[in-house]
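Here chain A shows up in two complexes: once beside chain B, once beside chain C.
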Partner chain A sequence: MTVQPLPPLQPAAGSAASMRTKTIIGGGLIVGLYLLPFVLGESYLFLSIDFLIMALFAVSYNLLLGQAGMLSFGHAAYYGLGAYTVAILFNKLAVPVHIGLLASPFIAGAIALAVGWFAVRVTGMYFAMLTLAFGQLLHTVVMGWYGFTGGDDGLPVMPPDWLLPARNYYLFVLTVTLVSLAALRLITLSAFGTALNAIRENRQRAIFVGLGVRNYELGAFVIAGAFAGIAGAMRAPLQQMAFPSLLHWGQSAEPVLMALAGGIHTFAGPIVGAAIFVFTNFVITTYSEYPLLVFGVIVLLVVLYLPGGVAGAVIDAWERLRRRAR
Partner chain B sequence: MMDEILIQALSGLSRGMVLFVVASGLTLIFGTMRIANFAHGSFYMLAAFLTYSVATMVGDRTWGFLAALCLAPPIVASVGALIEWGLLKRIATRPHQYQLILTYAITLIVADGIKILWGRDYRTVARPAGLDGAITILDMPFPTYNAMLILVGVLIAVGLHLLLTRTRFGKTIRAAVADGEMIGALGVNVQRLFTGVFALGAGLAGLGGVLAAPVGSVSLGIDTSIIIESFAVIIIGGVGNVMGALIGAVLIGVVHAVGILFAPKLAIAFVFIALCAVLLIRPQGLLGRST
Partner chain C sequence: MKVTQKAYGRRAVTRAMLGAMALGPSLAGVARAQSDIKIGLTTDLTGIAASYTRSTVNGVELGIDEVNAGGGLLGRKVALLVRDSQLKPDLGTTHTRDLITREKVDVLIGPNSSAVGLTVSAVARQYQKPVIMTTPNTPRLPMELFHPHFFTLVPSGLMEARAMAEVMGPKGKKFAFIGGDYEASHQGLKFFKERLAKVNPAAAFVTEAWPKLGEPDYTSYITKLASAKPDVVFSYLWGADLVGFIKQAKPYGLFNRTAVGTLLFMDDLKALGQEMPDGIWGQMRAPFFAMQGDTVSRFVERYRAKYNDYPADFAIMGYEAVMAYAGAIKDAQSVEAPALVKALEAGTFDLLRGKTKFRQLDHQGDVPSFIGKTAAGDKVPFKVLAEVERVPADKIWPSEAEVLEARKAK
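== the complex of A and B ==
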């Protein structure tokens, strides 16, 4: 077998001009997001908060699936642990939620380290099953440990007065999410992120060139878990409750669905996926008595007929239109 | 105390046998098709609800149960074949995550479908006459039905072993587990084999569902618990290995049941300690081949 030469590195993507356009669009988007609560009604504001949290949850997950090619099916465990970190600190030590949030990535990351230490010993579908099984274990522990977690009654969390108005909470979540996404972006572009890409593209070759593949995978698992923890820490005060269902495998399917719906090969893909997911979910739960059935059928159709995800299909259609216009 | 532990272990053994029947189907599907089939728990749940309906329709508890035993597994196997042939086959060449998500979508559809057809209530299925009492082991009562489950589990294990070692279909399955590409190159109709294996696996999940119906509750949510335990079984036992699944299922059943004596709410944690131990010592599973 001949070794294919690697394609030459792309020169810093197409010139300063496109960089400038990107910066302008990105900056405008951020300013727009900060102005949003001054035009949106309260119910849409809650939906927007939901979207921001899910976007961070999905992007943190895509560090595994999109970047490192690790198919985890237990990501909700770390999301839920983030929520419980805030809730337990609030209930046992009266720590306010915005301070508790700072602890959430460390707790979620530490548990992810313990699980990942075992899980990265296997790959592929095995890895999916194992992360799922460990996720359900954590779910069961949270469910059963009444004295510490409140069991299936959940644990109440109250945000401080200044965070109670929807507008303030939105601005808080927006800021935390943007900072977290920026950090994740830097990680994906770093040497560490490049190494994860190499593992996804060809694990065997990555091992041969001397990468400590398991350590990189473990690192990705811990970082993804930590950021999922931050997302979960913002979820609990929103519902004013931490529930065991936040750790359930049904919740673990959500970042997978969001990443696939938006596309796993770009950083922004899962964010688009989160928007699609939150909106679809909102419509279905509002109008259908059997949301799981409708949702399952939609997912089935998307998987069968839109291989590039919803976002991919939209881009395809757009390009076809443009070509026809020319 | 010793007697108590022993009886509890026996009851874990009977639960482990049901788990074995379900997980053996999952391990065959995984071994041949390399798909972690999330819908496997749904097949089990569907069969349990079918058992309830058939038993209610027939009326007599013995004949009702026997009728369900004859009807539910083939029905579920047909559903499985239909899913493989109609859905999974179409995305066979796409990355793993799509197959996983597709089987996940099926679990959602089945869960709500059962809600529509049967409602949200708990159901119970009566044990057949003659199996509803208890036998005495070590001066302690042990349910006859559970004793029968242990026997049936052993029979099914022997049957599966014969199927895999003595029939052409079984030998082809084992060859596919060992090297999927090779058997395609040797001219085996892989498409048909996959549909057959998926139907067989789904049928085994269905059989497990029927056997479990008179002991467990027939309710929504039993799909999740069985699928998680089945995954643990095949990781412990090794992929595609039915005897590994037997060892894994018995181990999990007994560890879980004895664990309940010591920490009722957290017994499942003991199962995971066993799972971690196996992963550290033999990542490919107790009877799995290293790749």
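== the complex of A and C ==
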């Protein structure tokens, strides 16, 4: 896939007034999210947890696709490894899930380092194929290693009693997700993030100006894997089970779809994509016998009419309005 | 001109897509009265198990129609809410939770796959809602992952493997195995070997073949089996895998020289039609053609009239789950979980496979395993099983010590 030249990730630094507006909107959103469990019914709360996890998964992925222009087809492997880290620690060593969660980014990141060490040696389609192959390899190992992973039927996980109620688990996931998103945001804005932008824009030139391109790409791959691991670690207790399909390439397609639907050129894009994905998937599988048909149509419509994704389109419209107002 | 054409084309595409989407929601829930007794069924309508799942839903629907035609339960109508888990355990949890917390279902019926079954059972445990499993049969469900709200009407994988060993065990000394390379299959072979050692201590396995699930070419596995010259082949293939294997193994004469015993679903019999060789030992869960009694023949007639098809094992077990709930709700005079669980534990239910009781220890229904020889059917357009033996549950289910051991080990 060729990534076209893009507008800078941060549109020209806004005035102090617009910064203040942004802070107020962001702060309001966060307060609103924390108040949500006191308004929403239990079922929608579980759906919101699902959304938060997918949002982190998609944003971690977009560090590769949107920021560094690396199309990975095996991102679910690290998501699944995060889930299995929690499940295996719980089953073999009786480590409670919220403690196991702390280990997940390190395990997922370590495996991402091992895979990335090979994968970043190639670019473009070859990189995509290699990540896909490694992802399927990890999936096969998890699926077949009965004694350790429970094989294809999965490994049960029981959250502690205080995490069982939807409200508590929601608040837990919300906090972990917000902290992780904030960390990812800082990374995208850092010098490291800017270097990734440079590599995406023109890899050749980035090499010539003296960037250690492979090391930067490897760094992005490891960080993305580690945060996907955190998302996976929150998934296992939600389903009360870690299962091999979490590592499958079908699962790897989900962050790609979410990022594309929401827009890969903004930080919030994948989050919007995750919302669309989770809620439509729920509605469709509730009321329809042909979920894939309906979801395929939605993706097709977005790709045909909103090539910048939903978030991209909204931001474009907003910018246009502002320009007209001036 | 070009621009207009393009715009028109786009509009047409949009219209076609909207049309396609409108066709989608055919299961859309019709608004139902609040006082209905609600049965929630999360199951795998999309994916490789779709046709089995369709049978389950049909059987459950037929059961509910019948209950409602007879005036409902406790003066209330029974309503069914179906959700598609697509063989994905995460959707199994999401939809089952939604059915309980938002739709307020009273009881649950389990899905198709074992992986989804584990998550549905976990949710039932969390919310203390009764769930009856009709298809997923990993022994982990009634053994180490058991909880008091779990019930099952399908013989577990352990029971099925033991039943096979009981019937196939005495048929020779040299045994061979072929099965998909996944957990249930490995477990099945382990349970089979354990029981075989008791049934026929002189028997031994000479070869094992582990094709991957969905393998299209069985040639190398067939030659491997044939060259070991076994007296008996135990197969843990099913569905498209089994159909592929049988079609490809037939020209090698494998079924003439050896006694082949295999899991078998009605869908496989239908798919193979007259190509199905005679004399294969098939193990089924609820073959309608091998079940006697007026209730069964009336059920088959009604099923055929409504769906223009024969009821697969899955349809029969789904129907039975509704009947077990109906019986227990009448006994308990309540749909509240504590009373209902007691009634399910205490009752004996007159189901299609015969009188059925759930064992206190693991809530395993005392259902038999059916094993017979394939032969031409005189009433149906596909092969059926003849000389069917019903291996009773109490001969094959795990002993109390085994169950408690498994739970302690966890």
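By definition in this document, the second predicted complex is superposed on the first by the 293 of 326 C-alpha atoms of A that agree within 3 Å, B and C clash if a C-alpha of one lies under 4 Å from a C-alpha of the other, contacts with A are read in each partner's own complex, and residues count from 1 in each chain.
Criterion: a residue touches a chain if its C-beta (ideal position, glycine included) is under 8 Å from a C-beta of that chain, and two chains touch if they have at least 3 such contacts.
Keep in mind that this is a model prediction, so the values were computed, not measured.
By the touch criterion defined above, A:256 reaches chain B but does not reach chain C. With both structures placed on the common chain, the touch criterion links A:144 to chain B and to chain C.
Once chain A of one complex is fitted onto chain A of the other, the partner contacts of A:293 extend to both chain B and chain C. By the touch criterion defined above, A:240 reaches chain C but does not reach chain B.
Look at A:42: by the touch rule set out above, it reaches chain C but stays clear of chain B. Of the two partner chains, chain C is the only one touched by A:152; chain B is not.
In the superposition on chain A, contact of A:304 is made with both chain B and chain C. Applying the stated contact rule after C-alpha superposition, one finds that A:282 touches chain C and leaves chain B untouched. Shared contact residues of chain A, touching chain B in one structure and chain C in the other: 143-144, 146, 290-293, 297, 300, 304.
Across the complex, chain A meets chain B through its residues 65, 71, 73, 118, 121-122, 124-126, 128-130, 132-134, 136-137, 140-141, 143-146, 249, 253, 256-257, 260, 290-293, 295-297, 299-300, 303-304, 307.
Within the complex formed with chain A, the residues of chain C that make contact are 10, 13-14, 17, 20-21, 23-29, 45-46, 83-86, 88-95, 97-98, 101-102, 114-115, 118-119, 122-123, 126, 138, 140, 145, 181-184, 186. The part of chain B that touches chain A in the complex is made up of residues 30, 34-36, 87, 90-91, 94, 96-98, 100-102, 104-109, 111-113, 115-116, 224, 228, 231-232, 234-235, 239, 265-266, 268-269, 272, 275-276, 279-280, 283.
Of all residues in chain A, only 41-44, 46-47, 50, 143-144, 146, 150-154, 156, 164, 166, 235, 238-241, 243, 245-246, 281-282, 284-294, 297, 300-301, 304 touch chain C in the complex they form.
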